[in-house]
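Got some structures for you, see below.
One chain, chain A, links the two complexes that follow: it is found with chain B in the first and with chain C in the second.
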Partner chain A sequence: MAAVRKRVSPSRWLAYGIVALGGVIMLAPFWFMFVFATHTNTEILSVPPPLWFGSAFLDNVRLLIEKLPFFWRNLGLSFFIAFSVTVLNLFFCSLAGYAFAMYHFKFRESLFAVIMATMMLPAFIFMIPTVLIMSAIGWMNEAKALIVPGACGAFGIFMMRQFIGTAIPKELVEAARIDGCSEFGIFWRIVLPLVTPALGSLGLITFIGAWNNFAGPLVIMRDMDMFTVPLALRALQGTGQVPWGAISAGSAIAVLPLMVLFVIASRRLIEGLTSGAVKG
Partner chain B sequence: MSVTSSDSPAASELAVSPPRRRRKLQAWEWAPYLFISPFFILFLVFGLFPLLFSMWLAFQTWDPSTGLQGMEWVGIENFKFVLEDDWFQKSLYNTFWIAIVSGLPQHLVAIPLAYFAHTYLRKHRNTVVGVYFLPFITSTVAIALVWNSLFSRDYGVINMALTSIGNLSIAGMHPLAWLFPTSNVDWAQPQYTKWMISSLVFWRYVGWNTVLYLSALQTIPRDLYEAATIDGATSRQQFWHITVPLLRPMMFFAVTLTIIGNLQLFEEPFIITGGTGGINQAGKTAAMHMYNTAFVDSDFGTASAVAWILFLIIGLMTWANNKFFAQKD
Partner chain C sequence: MATLHLRNIEKTYESGPQVIKGINLDVADGEFMVFVGPSGCGKSTLLRMIAGLEDITGGDLLIDGKRANDVQPSERGIAMVFQSYALYPHMSVGENMGFALKLAGKPKAEVDVAVGRAAEILQITHLLDRKPKALSGGQRQRVAIGRAIVRKPKVFLFDEPLSNLDAALRVQMRIELSKLHEELGTTMIYVTHDQVEAMTLGTRIAVFNHGVIEQVGRPLDLYQEPANQFVGGFLGSPKMNFIQCAVTERRADSIALKVGCASGFELPRSVAADAGSALTLGVRPEHLELTRAGDGIAARVDLLEHLGDSTIVYAAIDGADQIVTIKTQGGRTALRAGEAIGLRPQAGACHLFRPDGRAIAAQA
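Up next is the complex of A and B:
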């Protein structure tokens, strides 16, 4: 912006106002979620509803545990699955991305096109066949059924290829090879340390996606003790008198880790998510 | 790449014609195939094979509890049944209704918002964009449950806000009563369920679209605007004649993502209607219909047909969108 204007026009103020109001609307559901998490059901079901924090958070958590005896286990399982999926994706996607960015090999372009094409397949189309295959190999109701199939995502390969292709000079790889470094050694010792920012973005994206995954666990997990958090929260629905306080507390616990991650690294996350969009 | 030497290997090594000479495969020649193999192995086992199986299933009648021998070929019966099924048609109608009502405003808000953030915000741009983006990363289930409490009939915050605007009284008149409700709305009623779902979808994805448009705006060179300013173009003219045309590729991309995403909507309506689809199935989407056919009715053949029909519809809409954006160039 070359010219800095001193006077801000009224219409600009109006725009600021609208954007700020929109921001308040965007945040309001989170606000009520946290506020309700600290109130008893009677307080929530009153007119007007509470707008500020109460003191019933621990009571709500107690109620939550009463309704969902495995909630802490569910939380741990969610973390375990999301963490495993993330680690596997970071490894396999960067390895494949490295191959696509740094090697010339037969069918490279067409194999990459196949990977890109799989991104176009909508998730619901896999729902039924996945259940059938998991029951056939006896993986129903087990965490690995959610970890293994998602261990190497197409988006991650695309993202890592873009990043490695621009961040690593080919001469570096050549030099390492001449010095006697093995092909995997080049990847592990030279390429990976140089792409940590991209690994951070991909890790965040993958973790959030796996943490929030609902449709997968919904068809795979049968027993309460194998539920992930979204599935457990959903089980609170339709149990007579809806325990809004406990639901809000559980939701807050499910959302809070992501909000913290987001506040720390929103920029990296957004950059990673849009990395493919600008060039494509 | 296998070398088939019929005679003695020594003979071929001593052969005078060098191009045919047997050569040891270098590590850098086979390593890339090894490095990309995890994706393909996983995709073959958990992607392609299941996909083909589900395509096969769509032509069968099958209840999985009867085992594989309970499968029976019925040709295109499943597809005929689904297309004539009133409940499927209704779910498809719901899907499109929600897709449009939640999708269109996303872009109508996201484009000006991204433009505003790009042009007028400096220091606080990331914070403002972050606030709008936050819903995108939160758990759908958690937030859909919160939505249910916000929209509850007697004690919900939404009803409280809407009725207080509807009952707003200025000098004994109710100037906004024609637009806003004056008594509590029962959002679980069929005529309102889709509004409730659409509001959640809009809220969740408007920030994502804003981020997409913002990243495209950042690639537009500043000197275009400077040149236009020198030529005397107003900022409104600049928006319509520079920004909008240059945003078109991103509009295409973002609208494509919205179409693909909204037509397979599952989690939001599933949680909001408690998995049932709501009263009179007013909030049941096509993906939910597929889920219920498979996992509630145990009719995997029909459910597979639903999946493939929906897949074809999404493909068709993506194609139409492609045509629409290509045509104007």
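Up next is the complex of A and C:
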């Protein structure tokens, strides 16, 4: 028996085309970054540019280390800052989100509205006050100047409040209270284990944001050995001929952990972002 | 085990109405007290106030003679079973049941013994290693009860614990709860909107309405002698019929009543109601007898429901815009819709209510 083939309508083909074009536009920079990381500057600047992998990756890495003697330290510092910011964000945002979702206190709604309003402000508005404060307390050129201000954010609070509000029944908290759990104990022993999907999503988003943060380290860090990876790679562009191959190799090394992390956690990320959207 | 005394207990929300309006109630040691009433009457709120999950804004709560208004929920000596079970999803059944003892710092061996004993009572020993998501509704409810038992509370609080179960399981769990009360002998307070649960489980019942207790008493006392029209109507299924009537004549040992435009009948009891006054006659469906047309209150069959063991007859009273329910024994009847019939209330099972709903007591 012949299989019935469903005819795809022209409008659907158009939709597929638009989606495919969008995909190409988004993936092209990644592709060229990995391809350029394996070519010399001459090859990269030739017309047309190379579209497939070359053999100069190790030379580019060697050049990168030569131009940026602290590259591995910069990479380590980036990881330390991103990891610290993520851990602190998960703790403080879930704590605040729990309070906003489960407790009734005076000015709760107003306070939440104020926190949400901070999401409307462009990140650059905070740059000058941050520098002034860090300078005043003597934290300039130190990692904690990037970690402490990033320890809690409005988006994280919002996300955790929404998740906890929909995923944790109030009776569960009350049962724990009757069982003799302290208020912090309820959060730590009952609520946190049940919000791991949201914690996974928030952790991933925060880690990526902190890892890619460029403006923060730009105004805080002064010495090369305290630069984060984005800042260090940017520093290469100001030293005569721009070594595009080395920059691409550095970018590829920097982005690889994120891509692996994303592939591993993407399912959980989507789950966390969409949970509570519909009644389960 | 403990006694419980509620003295003028009130609850008023900051930006809302008063939901509990001066409740006075004594619960004896080992008693099974049932709070029953329609949705929004305040029964669950009062239970939560006893548990310490809601603040008491007025009055005193005494547990075992000690004022407990400001005592933490975990220190009141109570355990609560929630309608939604409220089991910790990330813990096994055993961990759920032993959680309170673990928090209290009891040695693991002691926790295991207590959990094992409670599991035996509820026959859930084989489920101790499972997570709540791997249990059926009935099993989850047992675990929730087990978690309460393990704490050895002075008072058990149940907040509509059987509402999420199907009808058959509800009956089974109801029987088991009754047996559990006999076995443990602990004071229990049970909230339900199901009057069958209230009638079958309670040593005493408190009927709630709009934040006040309308009547407290033993189930059959409330059923047979309701203090007012609300209690009469709430307890019993099908519910009590309320028939508007007027006193036509008051004699020494009887009273003549008129229903609708034409029908009249006599009640052999003396009540404090003057001739001409309007009253409400309350009579349960099983206490209305069907007679031939022309005898008793004239009515016409409106609808028949055959339940197998009995038949529910809905009849419209002639001259009055009112449908009454009659419950007759036996699944078969020769009655047909539209047929003229007569209704005779059983004399000893009639209740008379004033226009404000209060019952009129028979005079000796």
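The definition used in the following text is that the second predicted complex is superposed on the first by the 247 of 280 C-alpha atoms of A that agree within 3 Å, B and C clash if a C-alpha of one lies under 4 Å from a C-alpha of the other, contacts with A are read in each partner's own complex, and residues count from 1 in each chain.
Criterion: a residue touches a chain if its C-beta (ideal position, glycine included) is under 8 Å from a C-beta of that chain, and two chains touch if they have at least 3 such contacts.
Since the structure is predicted, the reported quantities are computational estimates derived from the model, not experimental observations.
Steric overlap between chain B and chain C is absent once the structures are superposed on chain A; the two fit side by side. In the superposition on chain A, A:111 makes contact with chain B only, not with chain C. Of the two partner chains placed by the overlay, only chain B lies in contact with A:15; chain C stays clear of it. In the superposed model, A:43 lies in contact with neither chain B nor chain C.
Within the superposed three-chain model, A:262 lies in touch with chain B and out of touch with chain C [touch as defined at top].
Of the two partner chains placed by the overlay, only chain C lies in contact with A:193; chain B stays clear of it. In the superposition on chain A, A:59 makes contact with neither chain B nor chain C.
After superposing the two complexes on chain A, the angle subtended at the C-alpha centre of chain A by the centres of chain B and chain C comes to 90 degrees, rounded to the nearest 10. After superposition on the shared chain, chain A has more residues touched by B, the comparison being chain B against chain C. In the superposed model, A:177 makes contact with both chain B and chain C. In the superposition on chain A, contact of A:169 is made with chain C only, not with chain B. Our summary of the superposed model lists a minimum C-alpha distance of 7 Å between chain B and chain C. Common to the chain B and chain C interfaces on chain A are residues 177. Interface residues of chain A facing chain B in the complex, by the touch rule stated above, are 2, 12, 15-16, 19, 22-23, 25-30, 32-33, 36, 44-49, 92, 95-96, 98-100, 103, 105, 108, 111, 115, 118, 120-133, 135, 148-149, 151-152, 154, 157, 177, 182-184, 187, 208, 211-212, 214-215, 219, 229-231, 233-234, 236-238, 242, 244, 247-248, 250-252, 254-255, 258-259, 262, 266-267, 269-270, 273-274, 277-278, 280. Taken together, the chain A residues at the contact with chain C in this complex read 169, 171-172, 174-181, 185, 190, 193-194. Contact residues of chain C toward chain A in the complex are 51-53, 73-74, 78-80, 82-84, 86-90, 99-100, 103-104, 147, 151.
On the side of chain B, the complex with chain A involves touching residues 27-29, 31-33, 35-36, 38-40, 42-43, 45-47, 49-51, 53-54, 57, 64, 109, 113, 116-117, 120, 126, 128-135, 137-143, 145-150, 154-157, 160, 203, 207-208, 211-212, 215-216, 219, 226, 250, 253, 260, 263-264, 266-267, 270-271, 274-275, 287, 290-291, 294-295, 300, 303-304, 307-308, 310-311, 314.
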